[in-house]
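In what follows, a single structure is set out as C-alpha cells and then discussed.
To keep things simple, chains are lettered A, B and C as they appear, and every chain counts its residues starting from 1.
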C-alpha cells in the first residue's frame, strides 16, 4: 500500500468515526430511553446514574401494562387512529383519483383548497370544532375525536395520494377503458392495484399523524377511560408526585412500537411519501 | 348526457365525500371562527353578544398578545435555522460514502417518526433537574456547579424547546435534500471534472444551485409547520415559565379554555390564519413553479 | 369491420383549438394513417375516435351510427399505445385475458384464445411473466395481442413503434401490415414518421395545426403534395424549395440564373417551387453552385450545394466523385417542378408536376 493510499484510508476512517459520533449524539435520547426502561429503578435514581444497566429488568413494562391505565389508552389510540385513517384513505383515494383524472369546473380551485386544508393550523379550527362536537353531544367520546382527526387526516391523505395517482401513466387507464372496463372497474382493478404502494405509505403516514394527535384529545376528552395516549400519558406524569421515569420510558418505548412496525413495512416508500406531499424532486 | 358531462359527473361523485367533509368540518368552521371572533362569548355557555372588532383591538393593545407574537417569531426562526443547518449537514453526510450507511440513515431519520409525546417524555427525562443525564454530564465534567434549570427559567426554556423541536424535525429537511441530491445527474459532476472544477467549486456551482428549489420549498413548509406548532411546546413547558414560551397557538388555547374567553381566542386564531395565508400564498406559487418546471 | 366518419370535428380547450373543423371518412377495412408533426392534433383525433376524449363539436360515426356519447368500452375498438400501456400488476396472460374477462368470455374459451394469439405473435414463452419484465419489443407484441384477441371492429394505433429501435421498428412495421392483410379490419394509425405512413397505409391524412391538408393514397401524396407543408413533410431527403415568381414563359427563381418553362405560367405571381433531390441532376449549362457537403450512404450520395443564397440538395448515385468545394452546374429533370402559391402554400395546378 502506498503512503498516499494509506493517508486517504486513514482520512476516511477518521471522517467515518466523526460522522458516527454525530449520529450517536442524535440517537442518544433514544438509546437513553431504551436503557432507562430496562434498568432497575435504583440505578436511575442514584448518583451517579449508571449508563449501561448492571442488570436488565422488564418490571417497568409489566407495571405499565398491568398496574396503570396504559393498556386502555393504547387501545383507545389505536381505535381512533385506525378509524380515521381508514376513512381518510378511502375518501382520499376517491378524491385524489377524481381530482387528478377528471375534468370538471373548479378542479384547480379544489386542488388549491386541499393544499390549504393540509397546511391549516389545527388551532384555527379549535373553537368551532369544539362547538360542533359539543353540540352533537360527542365531546368526551372517542367518536368526536375520530371526526376531528379525520378532518386533518383527509386533506393530508388526499394531498399525498394525489401525487401518487398523478404519477400513474394515464394510458393504462385508457387501455382498460377500451378493453371494456367500467369506471369503477378502472378504479378498483387498474388504479388502486398500481397505486397500492403509495396508498400503503399514505395510510402509514396518516396513521402516525392521527396517533400523535394531542390538541383535540386534550380538549375533548376528560374521562380516563376514553383518553388517548398523548394526553393520557402526560396525565400519568403530572398526576404522580414522584415521577417514575423508568415507567415513563417504558411507556415511550411501547408508544413507539406501532410506528416502528409500520415504518418497517413501508420503509421503501418513506422518502417517496414525504416527497410527494411537499417537496418532490 | 354527453360523455364529457358523464365523466365530469363521475369526477364530482368521487370528490363528493371529501367535499362534504371539507364543507362541514373546514369551511363552515372557518366561517364560525370569524363570526365568533366578533362576539364576546364564554366557552362554557357558548352564548354572547356581538362586539364587532373589539376582540381584535383589545388584542392589539395587550402585552400578552405581543409577547406571544414575539415568542412565535423567535420560535419559528430559531427552529428553522437549527433544522436547516442540521438537516442539510446530515443530508450531505448521508449522501456520501459512509460505513454502514443504511443504518446511519435509519437512525438519523428516526426522531422524525417519533410521537411528539415520546420526544417530550425522553427530553424531559434528560432535562430532569434531580436525575437527568444532561445535568449529570454537565456537573461531572465541571461545566457548571449546580444543576442547570433547563426548562424552568428564561431564556433556557425557549432554547431547550427549540433544540428539542429541531432534533425532532430536522430529518424532514434531510430527507427532502437527500432526495434531491440523489436526483442530480452524475453527468453534471463528470462534466465539471472534465472542465477542471475542484470539489469545492463543484459543490458551489452544481450542488448548491440544484438544491435551491428544494430548499425554498422546505423553508416555506417548515415555517408554516413550526409557526402552528402547539403540541411540543405545550407538552414541554405549557407556555411557561411566566409565558416565556407562550406562542400564538398556545395563547389561543389559553384564551379558549383556561380563560374561557372563546371570542378572543377565535380572534387570535383569525390573526394566525391571516399570517398563515401569506405563507400559503408563497408556498402555492412556489409549488406551481416547481410543478410546471417538472412537467416541461 | 366498420367505416368511420369524422363529421366536422372540432376540439378546443378554451381558446386553444386543437382540431379544427375536420372531416375524414375512413372506409371499412382501410388502413388510414394520420400523419403530422407533434402538436398537429393527430393523437387527439385518435383519442376522440376511441372515446377517450370528446369532441367539442361535430360527430363521430361508426357505420353511420353516432358514437359521440358511447363509452370507449362499448365502441368495439382496440387500441395500441406508444407506451404499450400493459397492466403492470398483471402477467402477460392476465393482460391478454383482461378484455375477454370484461366481456364475460368463459374461462375455457379465454385460454384457447390466449394460446391462439400467443402462437401468432410468438409470445407463448412469456405468458406467465409480468409485463414489467419484458423488453420493449416484447411489450409491444403483447399490446398487439391484447388488441387482436377480441376481434374488434376497429384497430387504433397511437405511434406504436416510436419507442422501439430502428431494426425492431422495421420488423414490427411488417408485422402490422401482415396483421392488416390477415384480418382486413379498419385500422387508424397515428405517426409522425412518414416512412411508416408511406409503407403501411391505404391512405394518408396529412395534418398540421389541427387542419387536414391532404387525404389520399401514399403515392398521390408523394407525387402531388397539396401544399408546401405536405411536400416538405413527406419524402426524405426533404424537397428543395426555391422562392420565385411566375413570369411569362415560366418560373424564375429569385436571385438565381434559373428559369424553367411551366405550363401554368401567369404574370407576376409569387410562388415557391419545389423539387425533390432525386429530380436534380448535373447539367452542363445549368445553375452554377458549389458543393458544401457530401454524404455517402453506400447506395447513394447526397450532395448539398449552395447556389446564391439558396441551398439545394441533390441525390446522386454511389459512383459520384464530387468533393466539398467543387463547382458544379445543376439542372432540373423536366416535368418535376412542383409549384406552390407563396402566400397560401397551396399547390398550383392538378397535374403530377409542371411540364
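Everything below uses one rule, namely that contacts are C-beta pairs under 8 Å (C-beta built on N, C-alpha and C of every residue); 3 or more make two chains touch, one makes a residue touch a chain.
Remember, it's a predicted structure, so these values are computed and weren't measured experimentally.
Chains touching both chain B and chain C: A.
The leading chain pair by number of C-beta pairs in contact is A-B.
Rounded to whole angstrom, the centroid-to-centroid distance between chain B and chain C, based on C-alpha atoms, equals 56 Å. Mean C-alpha position of chain A lies 54 Å from that of chain C.
Averaged C-alpha coordinates give centres for chain A and chain B that are 16 Å from one another.
Of all residues in chain B, those that touch two or more other chains are 4, 7. Annotation for chain C: residues touching 2 or more other chains are 51, 71. Shared contact sites, meaning residues of chain A that touch two or more other chains, are absent.
The residues of chain A lying in touch with chain C in their complex are 169, 171-172, 174-182, 185, 190, 193-194, 196.
Those residues of chain B lying in contact with chain A across their complex are 4, 7-8, 10-15, 17-19, 21-22, 25-26, 28-30, 32-33, 36, 43, 46, 90, 93, 97-99, 104, 106-111, 113-126, 128, 130-131, 133, 136, 140, 167, 172, 175-176, 178-180, 183, 213-214, 217-218, 221, 224, 227-228, 230-231, 234-235, 249, 252-253, 256-257, 262, 265-266, 269-270, 272-273, 276, 279-280, 283-284, 287, 290, 294. Interface residues of chain A, counted against chain B in their complex, comprise 12, 16, 19-20, 22-23, 26-27, 29-30, 32-33, 36, 44-45, 47-49, 90-92, 94-95, 97-99, 101-105, 107, 110, 112-117, 119-132, 134, 147-148, 150-151, 154-155, 158, 183, 208, 211-212, 214-215, 219, 229-230, 233-234, 237, 245, 248-249, 251-252, 255-256, 259-260, 263, 267, 270-271, 274-275, 278-281. Within the complex formed with chain C, the residues of chain B that make contact are 1-4, 6-7. Against chain A, the residues of chain C that register as touching in their complex are 47, 50-52, 71-73, 75, 77-79, 81-83, 85-89, 98-99, 102-103, 146.
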